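Please read the structure below before turning to the comments.
Labels run A, B, C, D and E following the written order; every chain starts at residue 1.
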Amino acid sequence: MKFGSVIGIVVSCLGIAMGATMEGTNVAVVLNVPAILIVLVGTLGATIAACGLEAHLKLPKTYKKALMPDDLDLVGRVDELVSFADQARRDGLLALDEAVKGIDDPFTRKGIQLVVDGTDPDLVAAVLDAENEAMRKRHAAARAPFMQAGALAPTMGIVGTVFGLVNVMNNLNQPSTLGPLIAAAFLATLMGVGSANVVFLPMANRLKELSEAELHFREMTLEGILAIQAGDNPRVVAEKLMAYVPPKDRPSEDEPSSTASAQKQAA
Amino acid sequence: MKFGSVIGIVVSCLGIAMGATMEGTNVAVVLNVPAILIVLVGTLGATIAACGLEAHLKLPKTYKKALMPDDLDLVGRVDELVSFADQARRDGLLALDEAVKGIDDPFTRKGIQLVVDGTDPDLVAAVLDAENEAMRKRHAAARAPFMQAGALAPTMGIVGTVFGLVNVMNNLNQPSTLGPLIAAAFLATLMGVGSANVVFLPMANRLKELSEAELHFREMTLEGILAIQAGDNPRVVAEKLMAYVPPKDRPSEDEPSSTASAQKQAA
Amino acid sequence: MKFGSVIGIVVSCLGIAMGATMEGTNVAVVLNVPAILIVLVGTLGATIAACGLEAHLKLPKTYKKALMPDDLDLVGRVDELVSFADQARRDGLLALDEAVKGIDDPFTRKGIQLVVDGTDPDLVAAVLDAENEAMRKRHAAARAPFMQAGALAPTMGIVGTVFGLVNVMNNLNQPSTLGPLIAAAFLATLMGVGSANVVFLPMANRLKELSEAELHFREMTLEGILAIQAGDNPRVVAEKLMAYVPPKDRPSEDEPSSTASAQKQAA
Amino acid sequence: MKFGSVIGIVVSCLGIAMGATMEGTNVAVVLNVPAILIVLVGTLGATIAACGLEAHLKLPKTYKKALMPDDLDLVGRVDELVSFADQARRDGLLALDEAVKGIDDPFTRKGIQLVVDGTDPDLVAAVLDAENEAMRKRHAAARAPFMQAGALAPTMGIVGTVFGLVNVMNNLNQPSTLGPLIAAAFLATLMGVGSANVVFLPMANRLKELSEAELHFREMTLEGILAIQAGDNPRVVAEKLMAYVPPKDRPSEDEPSSTASAQKQAA
Amino acid sequence: MKFGSVIGIVVSCLGIAMGATMEGTNVAVVLNVPAILIVLVGTLGATIAACGLEAHLKLPKTYKKALMPDDLDLVGRVDELVSFADQARRDGLLALDEAVKGIDDPFTRKGIQLVVDGTDPDLVAAVLDAENEAMRKRHAAARAPFMQAGALAPTMGIVGTVFGLVNVMNNLNQPSTLGPLIAAAFLATLMGVGSANVVFLPMANRLKELSEAELHFREMTLEGILAIQAGDNPRVVAEKLMAYVPPKDRPSEDEPSSTASAQKQAA
């Protein structure tokens, strides 16, 4: 369900817009330049101050990733690793040297390369763990602006509304202008709470879930690489790695996937 | 008490409805379409953006589970495991091969099957632990939309109310319509806070408790399977597992359950 | 100070009632049936949905325990355990068999019984740890309704007040009734915030502290039982256990308690 | 900077009082008896219910400690421990028997006494760790009323204000009294938020920092005592303990402190 | 991007100021002396009470560091450590004695000095870990005033606004002054929420990120020093340390950095 986040944001905006229209409000009113300046530019500045410029230059890429995440093919990766385990057991670890070039995923390639180079198992695990930990920190840094914006935007909305109300209070002697002025003041709150609820907080949560899924994927890969290096039986490798795959995605025993066949050959 | 959550939601709604009726409010007023669109559809969209579509397609199943959870028969499971321990001790682990087919619970069956296959104890523990960890993550993903909705609905209510107030303020020159317009604006807050308090947050908490109870159940099972594999005395298996059962549910020593009799035989 | 919680709730209610009376409010006004229905029944229903019916059927017992907790006699328990250590060292572990019947506390009795039965020390520790963990979970479940109520009651108060304000807004054309209607609407907020602050949150915190004190008590007991099984010198047992007792409650060295005398005998 | 907290509270009160006076408010207005009764007595009762009476009887002592904490002389303690290590290495552990009487700090004295008595190193560590853990719990219990008060006082202020507004609404037909009545109602909010922000929350944080500093101090002492018992070279003891001292407080190498001289002697 | 935080605060202020100006508010109105006194001096006093005077005397230095942090040259440090590893492997650890004087960074110098002195590896790790832990605590203490101010300033703003409203309510009989008085009362809220959102909270978060980056830097250094002491192959040292460097900053294999050349020499 790659486009879940896009669908969700569209559904949320449609629901709010339709409800507001039925109440009689002209929805276009939210495109209020002062409110946008105070809430969105004010929040952007505060998140830059909080998270640094670098994380913000990557925002378009981060947004794209959150809205259209890569698919993580757990079963395909298990098959790939089990076939390496099979080959290593038959022809030795050095036989993987040629296979290394054909691996797309840089993490898997680096791991198998280390194994082929005869690196110490503890060092293989340490280097790959450090890569994962670094990825976790990069992901956390990439979603930090969303989390900060989710926390700051509603209060920036209050700043905008209070500024508007200060203006209202200084014009109490012109009652005919009060209504529209108060309405305009409230638009900042609307913009702040709305952007946080519909965009920033859901994006932050989505990115967190995607990061966890990718780490889970890499942990499975790391376990597989270490099992290959230890010379484990391909059946045992498949058994270990399948526990990382949700039950409903696991190939049934009769299915002619390479994993299932490795299990049979080994049995 | 399987229907606790249903009863609770009914009690809560009745209390609120009776109180509001006594105050003179017509409760049917909350069935306000704009408020429902803004709060419930707006929140649904935001939770889809936050948690992905998949978790939402499973919502009916999740609701059903929260409202009518399966009973977890701790004592029955202990009896079952102790009887396996007894059989394994008398006739060897391979004697369990036939019993495996009769086991209803897939987790227990997988564990006993691994034991019968002569899998290494560490691998048995690793595979079953990975199953439990995966279940914990699946449960967390299933209740994530409820937690997100509980946090987002009240602020969506504020979005709806502020939209309504913006409308009110732009109509200040028609005082006769103000009252009903303000009343309608407040309905969104009511819908947001009410749905979060009466449905989303209690459901999220309930699902968390049910998940913890099921993990507790499986941890007991895992401990039992490892004890069977280790060839422990059935009395020791029963002693170990009974510590997972609340004192008031433990069979008294004179009760002719299979556990108690295993204890006697072994004594 | 067994009645601390009763005294505290009385002091808090008196302070609020006196302050409100001095401001000129008739305190009896809070006994407003609609507010009570919305806030208290609404909250009760939501906590039942969140925590299940079972925890609520035990509420009277839980309240009683929070208001009048059992005294935990740390020094008495130390004396008891040191005397067992003394007896076990003189006459062997089996000599404790008769003493077992005289032990009031079920946890201590179970532990000593396991020791007398010659159970493996690791299993003794595992079984007693599992008992403690189960007690911790039971306590957490027992106070969960208070924590949920403390979080939900104030927002239920808002639900009640907004319902009232909706009613007010629909009666704007009868200005003479507005004041009392708004006043009645606010009573729900009062009931919600007041009940959470004066009863639910303090009760939840109190129960948490009592649970921690009881776990501390049992951890000391467990350490003592393991030391008895290990055949430790009674003086060492006393030294180890006294570290669990607050300095001001420790018997001075000249005091003729059984611990002190055991220390002397052993010295 | 022993009086930091006193200075801070005075600065905060002065800033608020001066600002309010410049706005034209008479600051003495906050000495409103109903507001004080509702907020301060109401909060006191609720914290008694939450934390028990005992913690409240110690409040004057706790306040005094927070406002005028003891100085923790890290370098002095390092010097003392290094001199003990020196003496123990020269004349044996028993030579410390006389030094024990001269030690002011009960924790250090108890530790050295245990070492002189020839207690097993693991038991020394266990007993002293239990002392530290018990102190950490005592400190947490002592600051619990401040943390509870910081959380409860603002909402007690809301209780007071809503009570006041209920009164206002029931007197809407006497418009001339409305202003002062609303003003009086707001005083409870002022008292609640002000007391939490200026007194309760800063005190709670200050006590937490002081507790952490004292635990750090004791951890260093414990490490030193174990090093003495292990017969470590005084230079190594000094090296280990100096890592606990902030760089700017460390004696320069040319300074004739006993540590530096121990380092030289040992070198 | 050294000036990220300065740029962010400027962007945020500009956005808010432009939005408020377009709404018709005179931005200079926020320079309201009573609001500044209540919110900023009130918050300063409360943070002094909470965190002590010392942390506040260092504030100018802390601000400067947050706004213009030092660059952490991960690759340069790796090159430096690999060259030491190379030298140590060729000429022995004592050969580093001269290199020690040329090291700028005190942490690296202290570590290499300990290695040259022949200190036990466990003690080297313990001493350097204690240094890092102490730095982490110093950093946490340095940013504590910002975190406290971020939490306290908005509620101080409420204190200021309520004080202003009390004043307003006592002047209800002079309607012409009400507008400006209410406007002035709101300025305190503006100052409190604005200063927390634009300055205090972003600064606190920025300082936390900088602290974590520096700890990461030091952990890499510590790992390198221990590898040097263990006599690891320079290629292995480079491999281990490169995992701490983000992929995009790693030198490509053809680049003539000392690390790459060390890798080649060792290969």
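In the analysis below, a contact is a pair of C-beta atoms (placed from the backbone, for glycine too) under 8 Å apart; a residue touches a chain by one contact, two chains touch by 3 or more.
Note that the structure is predicted; figures quoted are calculated from it, not measured.
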Chains touching both chain A and chain D: E
Where chain A and chain E overlap in contact partners, by chain label: none
Angle, in degrees to the nearest 5, of the Cα rotation that carries chain D onto chain E: 70
Chain centre separation (chain A, chain C; CA means) in Å: 41
In the complex, chain C residues that touch chain B: 33-54, 119, 123, 126-127, 130-131, 134, 137-138, 141, 144, 148, 151-152, 155-156, 158-160, 162-167, 169-173, 181, 184-185, 188
Touch list for chain A against partner chain B, complex: 1, 4-5, 7-16, 18-20, 22-25, 29, 154, 176, 178-180, 182-183, 186-187, 189-190, 193-194, 196-199, 201-203, 205-206, 209, 216, 236, 239-240, 243-244, 246
